[in-house]
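In what follows, subunit A forms one complex with subunit B and a second complex with subunit C.
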Partner chain A sequence: MARAGGSDLAQQEQRLAYWLLAPTFIILLVIAIYPLVSVFYNSFTNAVFASTTPTEFVGLQNYQTLLSMTIKVVPPKLDEAGQPIIDEATGQIKYESAVSVLPREPMRFRQVTQFNLFGTQYVLGATDPDFIRAVWDTIIFAVATVFLELVLGMIVALIVNANFKGRGLMRAIILVPWAIPTAVSSQMWAYMLQPNRTGFFNTLFWYLGLGSGEIPFLSDPAWQLPSMIMIDVWKTTPFMALLLLAGLQLIPSDIYEAADVDGASPTRQFFQLTLPLLRGTIAVALVFRTLDALRVFDLFQIVLGQARYSMASYTYYQLIQNRQMGYSSASSVVIFVVLSIFAVAYMRSLGVKSDEH
Partner chain B sequence: MKRRYLAVMGLLVIMAMVLSACGGGAPATQAPPAPAAQEAAPTEAPAAEAAAPAAESSGVVNLTFVSGGPGAGLDFTTKQVEEWNAAHPDIQVKIIAGPSSATDRYGLYLQTFQAQSSDIDVMEIDVIWPGDLAEHLVDLNEYGGAEAVADDFPAIVTNNTVDGRLVGLPFFTDGGLLYYRTDLLEKYGYSAPPATWAELEEMAAKIQEGERAEGNQDFWGFVWQGKAYEGLTCDALEWVYSSGGGTIVSPEKVITINNDAAASALDRAYSWIGKISPPGVTSFQEEESRRVWHGGNAAFMRNWPYAYSLSNGEDSAVVGKFDATSLPGAEAGMSAATLGGWQLAVSKYSKHPKEAAEFVKWLASTESQKTRAINISLIPTKKALYEDADVAAAQPFMPKLLPVFTSAVARPSTATAPRYNEVSNIFFTNVSDVLTGKQSGADAVANIELDLQDLLGFEVGAP
Partner chain C sequence: MNTKTRQRVNRILLWVLIIVMAIWMLFPFYWAINSSFKSESMLAMTPATFVPRDPTTKQISLFFRNYEAVFTNQAFLRAIVNSAVVAGSVTLLALAVGAFAGFALGKLRYRGKTGTLYVILAMTMFPAIAVLTGLYAMITNLGIQPIPSMIATYLLFSLPFTAWVLTAFFRELPTEIFQSAQVDGASPFQTFYMIMLPLTAPALVTTGLLAFIGAWNEYLFALTFTSIAPASRTLPVIIANFPSQFSMQIPFGEIMAAGIISSVPLIALVFIFQRRIVAGLTAGAVKG
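Up next, the complex of A and B:
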């Protein structure tokens, strides 16, 4: 395609193509590029949402508050003899409060988490620990859901790709979770995860003799992310299966017949034929799903509210509840950067080439 | 070459979509980025607008009223609006169900205001919002508001008056109440509801033990609102204030939260969890706790007055077996109820502020509040109604609890305006961390103090 010039006809067709594309690009300019530029612009101001307060330019301050982090050593508590005090109940060394070691000026750092490395206790501090936690949680969420959805989706796709009676019906049925609006299914799951025996899961676990029948799935920090991951896997596995199924159907059946003749086992056929031939489909599905999962909003907003944030629900919270339009624009830009990193990494590592010929 | 260019272009476009979806609040988009749950409200608005021009030629004014509210509130308000429409053929009001969560409704209003949209004419606003929203609301004094609020509780009128502008008419007031099971108190030999938190703990533990021994495994002593949201600020403010720990930030703009009384009040609440309150209480809002109570599975409940008439509803397991009283204190007589309640306001961007004000005055009138008190147990803001025989007959607890509502403790929304939402968020997040065992009460109040100093720049002091 890189030929310079070319025939008149080719040039004519090319011009026509640009004309045909023009309306789309104009619409994109209005509905996508303009808001995009406006978000970038706002992220350097202290704009207040729905207010007549004058807006000032604040440079990189929003980004500084969002992203500043520090690591400090937490000293152990010492007794009069200078020896660390051991907690009698747990046998662990007692440490000073993290607040005492984190800087207060010019900006206050708050604890994100503490960890122990080679016997020294460290604290990770950030000026906005909620945002750092939101980024971390969202990445964990995205990696876990996409991995599980890929594995389960592949299994489902292989099953419905096989020939059996009622296959058409089966294919329709597996799409049901995907067809329910997320707002509805999130609320449904929130009911099922109720922290007492009015909730399905607590009743089930209680009958099975697990737990007290009062596991607080949505308020216990240890259960929150696993619950979110479970809901998303339930909802999105069908979509993944559908994408993979489309890829499976493009693989000609004669190569399997040939493999059978050569005596290759089904496992070997899967790893040496199916998987390599599905590579392109998997790459597309992964890019789709990862970007989607990193943007997750409705699920977190409806089920967890302000108990725990995803990157997007944190942005929404800053914009709507705190009315910090400048600050939330900055966090949108950070989400954009995180997404771009994932997108580029995928394109590089999975060999999605822009020019295949 | 060209293909590569197109692919890059495609990537850019995807990214642009992604970003504009995330930063949906940018003024340019205007379309509300609300989650589907909230969309029910705004989607109906254009229909009302479309109908307006046609109707206006014949002299009919169409108004849109965003209501909401927990429990039966909406159904009854809808009936009242139908009544108004029948009596006023030239001012037709269309009622829209707003999101039931107050924070979601706040978001909806802000989005409408940001767009300076006339989609909403009349709205219900929470008692903590007048300071925040005043710049977008009509001064009702221009439409005879002063006469309309003559008989209202002065504290609420003051709360609704921002820089001399009356931005909302009191619609109903609210205060935290202690609901208790009269039958169970009698069964376990108690003659009166608890006056102190220690008494409540003891009674709750004993009743819970007894009821469980009799086979009700799901029975709990005390249910309340422990989820990290505005409701927790209300509950925790009651614990703190009733222990002599102040109001977080005093009306004189002094941060008073860092004191021993407040710290021990929070530690005490933590000690209830798993003992007399279910572990899941840390994810309860009003309705979650009411459901436990409604099914007859709790001895005590902290809730708002709306639960009173619902608990006497047909499907309730506690009909005639309960009463409501003031909440306990650290010592008898130190009881505190957080001031709640909703106001009716008119948007500055309404095309018919005069007609909207007429409607608002009618809906907030003594007559209207009386029917609301009798039918759905919402607490009137008119002093005269507390001497009204019909109200007393239908809701015997109301006249009795007049002192609770007149002396309810306000959240520090005026002293901290326009940053109250952030103040409340700092407070309930830290309290929530105490309830889930992540920090002690003493650490929590110290952290709240530091955070509030950073946010507000106020002095610190004793309550």
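Up next, the complex of A and C:
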């Protein structure tokens, strides 16, 4: 009797669980899975948004245009005697224009960048140099921000984990950059980075005797990425610090007491106790933040617009400005695949606790 | 150096670090406040001043017109209402639906639980950009208005997040309460509704707060769905592309004022609920 009642109750419980989960799964099916499938489908077509031209199936053409790359040798310019021409002003060898060596048929390749390896000049060409540059910039951005945020976040976490008067206030203060809308913080920083001394940074550098007071932080390609990285580090270090703080609080304090008794210095305690014990937390935080950084949109879109793209802002640009639905779908798929790889790594490192087994 | 002086040196070092950190975190916000009280001619001064100063007399003087301009800017006022409606609705919906799922995931036993947990965890990381084109096409084809569109699509990130965080909270509730209620003849749903839900009220507040902040700050969907519907724009969209009534140049003074106005509610929440926000954030990201 008792067992029959128990299994009846268990069945009732199971049915309830399915009913309670149903709304969540139905909503996610409609707003995530269905659109994802349609994005996959569209990525194989030449669909143009809000257009009357019939949509055609184009196979892998979008992906081919997005991802095709080639590397060619750029020959030096030669004089009549067959000797390379040296630029008299710089002492550098003059090279032919990259356009002359990049293929034009069947698809036209344009220059992404040039580089010199063992005395030979090469050009990296792509059929869509903007996308390749966006992918490259986004990866550089992600690696740099995540690394800096980890180091600074660790320092912040150690500070707010220490005992001092006003610790609660300090923990609230570090939440401020995190809570401010990215749209607002992007505008705040864009104003601080103005290309003349009305901007804070140019004023500061000028007071310190660095630079002319007219550094074009947001229009000079050499400054654009470092500026983006600086803004993101300010905005997201607090979040990283909180993740690490949660990990720090799980470490029992008596092991530090034991280390104190043994006379281990604080630096040694950090590298030999804290860091190894925090390894799991750090792994989770790293993957979580990398995922976030790779899909950066707000910051690039607001501060740089079409001057320089992240993967996400390029996709947005293709959809809204160019109405290239098929093409932007293909770049969405590329982003999705890249992020999925990281997401799987994240879930592996996190693991899921379930009492099913 | 004896222990006492070393301790004192450490203490001073700690405070130096604390102060540097506080300045780093707060300075951009201070600079925005500073700039929001400057007129266009004060903003054009070189070098920029650290407090608002009159361009000719160099005396400290505050300029309030930016706030006046912002508070009489119809587009901005409408954006506040739009943001409140969207973020409020998303929060309530996500909490209602997410609490059901969180209870099932955290407390009930059923076949396929590990799978569903993985799905929810994976969905918390789902990149919105990947479905942007699909969602936009769907919304345009169905002719859904921008505000309901935003409410529905924001669930893409707020629903898995609420479900996941609430799962962690439900799991921490003692199972005995659940069992004894069942022994007393309560159905599982009654147990959930009358006993478990009230117990998780603090967790609901925390999670709701985080969902609200996320929805209030969302930019990508808002920008896309309101690209041809200016009346439906939310605060981030308005602030990123500020429509000034007076200025021909980029109205940085007004933008800073508008930015501060839209950040203040969030900063107030952060200071009031600091402890809970930290708990909720870390429960969402770290605890499995």
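In this text, the second predicted complex is superposed on the first by the 317 of 357 C-alpha atoms of A that agree within 3 Å, B and C clash if a C-alpha of one lies under 4 Å from a C-alpha of the other, contacts with A are read in each partner's own complex, and residues count from 1 in each chain.
One rule holds for everything that comes next: a residue touches a chain if its C-beta (ideal position, glycine included) is under 8 Å from a C-beta of that chain, and two chains touch if they have at least 3 such contacts.
Since this is a predicted model, take the numbers as computed values, not measurements.
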(request) Quick one: classify A:207 as touching subunit B (first), subunit C (second), both or neither. (result) second
(message) One more residue to check, A:272. First (subunit B), second (subunit C), both or neither?
(response) neither
(request) Check the residue A:92 against both partner chains and state whether it touches subunit B (first), subunit C (second), both, or neither. (result) neither
(request) Using the touch definition from the top, say if A:20 reaches subunit B (first), subunit C (second), both or neither. (result) second
(message) Applying the document's definition of touching, compare subunit B and subunit C: which contacts more of subunit A?
(response) C
(request) Mind working out whether A:188 is in touch with subunit B, subunit C, both or neither, as first, second, both or neither? (result) second
(request) Give one of first, second, both or neither to describe whether A:221 is in contact with subunit B, with subunit C, with both, or with none. (result) first
(request) Check the residue A:114 against both partner chains and state whether it touches subunit B (first), subunit C (second), both, or neither. (result) neither
(request) Please work out whether A:168 is in contact with subunit B alone, subunit C alone, both, or neither, and reply first, second, both or neither. (result) second
(message) If we overlay the two complexes on their shared chain A, which of subunit B and subunit C does A:50 touch? Say first, second, both or neither.
(response) both
(message) Need the overlap of the two footprints on subunit A, from subunit B and from subunit C, as residue ranges.
(response) 28, 31-32, 34-36, 38-39, 42, 49-50, 181-184, 187, 196-198, 213, 291, 295, 297-298, 301-302, 311-312, 315-316, 319-320, 325, 328-329, 332-333, 335-336, 339, 343, 347, 354-355
(message) Looking at the complex, which residues from subunit B come into contact with subunit A?
(response) 1-4, 7-8, 11, 13-23, 25-29, 33, 35-37, 103, 106-107, 110-111, 113-114, 135-136, 217-218, 226-229, 278-284, 288, 291-292, 418, 421-422, 425, 429, 432, 436, 438, 443, 446-447, 450, 454
(request) Mind listing the subunit C positions that touch subunit A in their complex? (result) 14-15, 17-18, 21-22, 24-26, 28-29, 31-32, 35, 43-48, 97-98, 100-101, 103-105, 108-111, 113-114, 116-123, 125-138, 140, 152-153, 155-156, 159-160, 163, 171, 182, 187-189, 192, 213, 216-217, 219-220, 223-224, 227, 235-237, 239-240, 252, 255-256, 259-260, 262-263, 266-267, 269-271, 274-275, 277-278, 281-282, 285-286, 288
(request) Within their complex, state which residues of subunit A touch subunit C. (result) 9-10, 12-14, 16-18, 20-21, 23-25, 27-28, 31-32, 34-39, 42, 49-50, 155-156, 159, 162, 164, 168, 170-177, 179-189, 191-192, 196-200, 203, 206-207, 213, 234, 238-239, 242-243, 245-247, 281, 284-285, 288, 291, 295, 297-298, 301-302, 311-312, 315-316, 319-320, 325, 328-329, 332-333, 335-336, 339, 343, 346-347, 350-357
(request) Please name which positions on subunit A make contact with subunit B in the complex. (result) 1-2, 28, 31-36, 38-39, 42, 49-52, 97, 99, 108, 181-184, 187, 194-198, 212-216, 218-221, 291, 295, 297-298, 301-302, 305-307, 311-312, 315-316, 319-323, 325, 328-329, 332-333, 335-336, 339-340, 343, 347, 354-355
